[in-house]
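Chain lettering (A, B and C) follows the sequence in which the chains are written, and residue indices restart at 1 in each chain.
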Amino acid sequence: MLSRIPQLLFYGLVSGSILALGGIGVSLTYSILRFSNFAHGDMMALGAYLTLALIPVAGTLGIPSAAIGPLSFGPRFIVAAVVGMACTFVIVVALDRLIFRRLRKAGRITLMITTIGIALSMRNALQFFWGPQPQYYTARIQLAIQVPRLAIRVKPDQLFVISVAVLLVALLHLFLRYTKTGKAMRATSDNPSLAQVTGINTERIILWTWVIGASLAALAGVLAGVENKFITPELGWQMLLSIFAAVILGGIGNPYGAILGGVIVGVSEEVSTAFISTGYKPAVAFGILVLMLLIRPTGLLGRRS
Amino acid sequence: MELFVGIINYLVFFAITAGTYGVLSLGLNLQWGYTGLFNIGVAAFYAVGAYASALVSGPPPDMWDGRLVGGFELPFILGILAAALAAGIIAFLIGIPTLRLRADYLAIATIGIAETIRMVLKNEAWLTNGVWGLQQLPSPFYDAIHRGATGFVQTHPDLSPWLRALVLKAYNWFYLFLVIAALFLLYLFLRRLAQSPWGRVLRAIREDEVVASMSGKNVFAFKLQALVLGAMIMGIGGAFYAHYARFISPTSFEPFYGTFIVWVMLILGGTGNNKGAILGAFVVWGTWAGTDFITGYLPLSPTQEASLRIIVIGILLVSILLVRPQGLLPEMRQRRRTPRTPE
Amino acid sequence: MSLLTVDQIVSGYGDMEVLHGVDLRVDPGEILTIIGPNGAGKSTLMKTIFGILTPTAGAIAFQDQDITGLSPDRVVRLGLAYVPQVENVFPSMTVRENLEMGAFVLRGDLRERISRVTELFPVLSKRWKTHVGNMSGGERQMVAMGRALMLDPQLLMLDEPSAALAPNLAATVFERIEAINESGLSILIVEQNAKDSLRLSDRGCVLAAGLKCFEDTGPNILANEDIGRLYLGGE
């Protein structure tokens, strides 16, 4: 049982990377639009399915599908994923214009209820078009490689998942730290009324928030598909609880906290399978969540509010 | 005539289900409508109520059952009490860590408890029989009424076929009576609560927690009481469901059936209005049933039909929030709400 | 010609009307202090001028341009700067970032502007990388004013700049305000305990119950016994 732990730690790092990418969006939405987006998980699934739909489209454009090196997918899939991310944020921004914008003054809870309605409709739209059964990005089977001296087996795809997550987290950090828009996002999250007073156009910042949050959500969905080898319409909803646990653990509203929380929750969930039934993985996240609410509701990196 | 009897029988069946949802909607109205508690895990309390009642008044495990405990075959009323008690305990436990925090935390924690409970129902077969669920649950007085009805039909062979069909469904009429009686009693109870000083404190908390706490009220205790009482009502709804359906399994308590549709009912009916909560249950369940007829004519697979119907309900919810957020029967306000001066 | 003209403005929050028709004028180069009791509508007036609240009647003009109902991000480009009474900094950002945010609507190099602000508030230059949330109340007030000055505005609006500050810090703040004014900037101050502020003001006016009820030069208001008793805490 204990001998499996190094391997589980590695799996945890993989799923933690995916949770972190999902959590960043939840955290940004929370800090800028000031509500919890319960449709975030389903935005992940949307991105995963749009990518699936775009793979044949990329094929007709002549983008080769041959696998890159040891990975199980090729340029065709990567192009489909990038375009899928863009399509996801276009849809999400359209939903903002159509629905959320009209409810900005209606209060946070109305917005949260709305996100639940959108979540359900979105998930069932995916189910309507693709059915509830699993869909596969690729039929290729990838063998795990034994890492010398460490008691773990690693698939190249999993290393890809971790590297993409690390790369995007680094890019996000540079964006928030050094670009004017990134700073304006932090300012808006810090003090929205003062941000307005300094001349920041809040609507534009909201637009950016959705673009980043939805793109990263779509990417998280695609990477979940790469890691699990299949996608279902429930993919995002099933991860939502873990994502929220990660976000609260790290400190809600703090994107860096979401990253830390994602890794901790991912690792805890995987390591827990050495001791309890796999069916209870999300319950582990729930346990972490409740524990955190009791001990330190502001989260590890949270500010006092 | 046969069609007419068919419709009547269907309407009775429809009203039983809608009425059961009315109980859930009333429970949610106490939590959300009165107190502003953002519970999106209604399914948790609904499921716990249904299973508790089934275990207390249901049959003991048979040879194919995975269960090791439960099935005490106690009377229906004790099942209902057990349902309320079990749901209340869960609500108490979930309220402690969350009710001092912002609404988001209660929302997330209630999603969490609903999912966790569904996992327990699926995985702990010794108690719940896992995914196979609990079967052959007793409906109160079923044997007596059903035997009476069939006996009556047998001793009166000259009955016209449509009257026969109607009499044979006598039990449904009885159960409908039970559900309506429960709804009515709950309605009277909640109306009294709303007008009591306790109910006024709840509304004060909903309007402005800070002001309520400054006037010396223990906001946390009041919120906890409202959460627990609302959950107990939801638990009772679960018991009513279990003893009519006679079969429960984890799929009956998926987020859509267990939580989401209840929210749509309350919001459409009128948040904060008990009559609205009941009306909403009937209207939304009617819409849900109606979409079943309509999608039946479309060239779709069964899963596509189900998805389309859920999308319709989702769009319905968002449309109400955009167009008529106060619902069909808006809350009757005791006094006009004045915004606080930020100065 | 006056810099800012407020004409019969009616404004408030939602259904609640706070200002019932207020007139006001700020001339170029002057300091004007508005005094009045708590709840008189002083902050509401500031927020309405700046476009955070939309007036239901009346007009506001800045440099002969109608700005009634303009959104804050438009108003700020015209040369108005506003320092709210509370929450007037970005606590999780550094001093430098706070100043940069002040010049958000500008493009290009900010170094010259930043050095001008640090000449006025030398303490800030030593604490570039400090998160403002970790600074004292007086330092925060400096950051807030520095942020507002980054745009090189024509008119600086200060909402209770000395509130919640120790007396010696308040004195420093007023000394800075005077220095800013000497560089040619007009300043509109709202104060509840306004003696210090009136002392350096060209003019002052009294706002009570959503109406302007008195206006005079700063020294005259200070000398007025009725106002002293009613609004300045007596002698």
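One rule holds in what follows: a contact is a pair of C-beta atoms (placed from the backbone, for glycine too) under 8 Å apart; a residue touches a chain by one contact, two chains touch by 3 or more.
The shown structure was predicted, so the numbers you read here are calculated from the model rather than taken from an experiment.
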Central chain (by mean CA position): A
Chain whose Cα centroid lies at the greatest distance from that of subunit A: C
Chain centre separation (subunit B, subunit C; CA means) in Å: 55
Chain centre separation in whole Å, for subunit B relative to subunit A (CA means): 33
For subunit A paired with subunit C, centre-to-centre distance based on mean C-alpha positions, whole Å: 43
In the complex with subunit B, residue positions of subunit A that touch it: 30, 35-36, 38, 99, 102-103, 106, 108-110, 112-114, 116-118, 120-121, 124-125, 127-128, 131-132, 237, 240-241, 244-245, 248, 252, 277, 279-280, 282-283, 285-286, 289-290, 293-294, 297
Residue numbers on subunit C that touch subunit A, as the complex places them: 50, 52, 71-73, 76-77, 82, 84, 87-93, 97, 100-102, 104-105, 133, 147, 151
Of all residues in subunit A, those that touch subunit C in their complex: 180, 183-184, 186-187, 190-191, 193-201, 303
Sites on subunit B touched by subunit A in the complex: 36, 38, 40, 96-98, 101, 103-105, 107-109, 111-113, 115-116, 119, 122-123, 255-256, 260, 263-264, 267, 301, 303-304, 306-308, 310-311, 313-315, 317-318, 321-322, 325
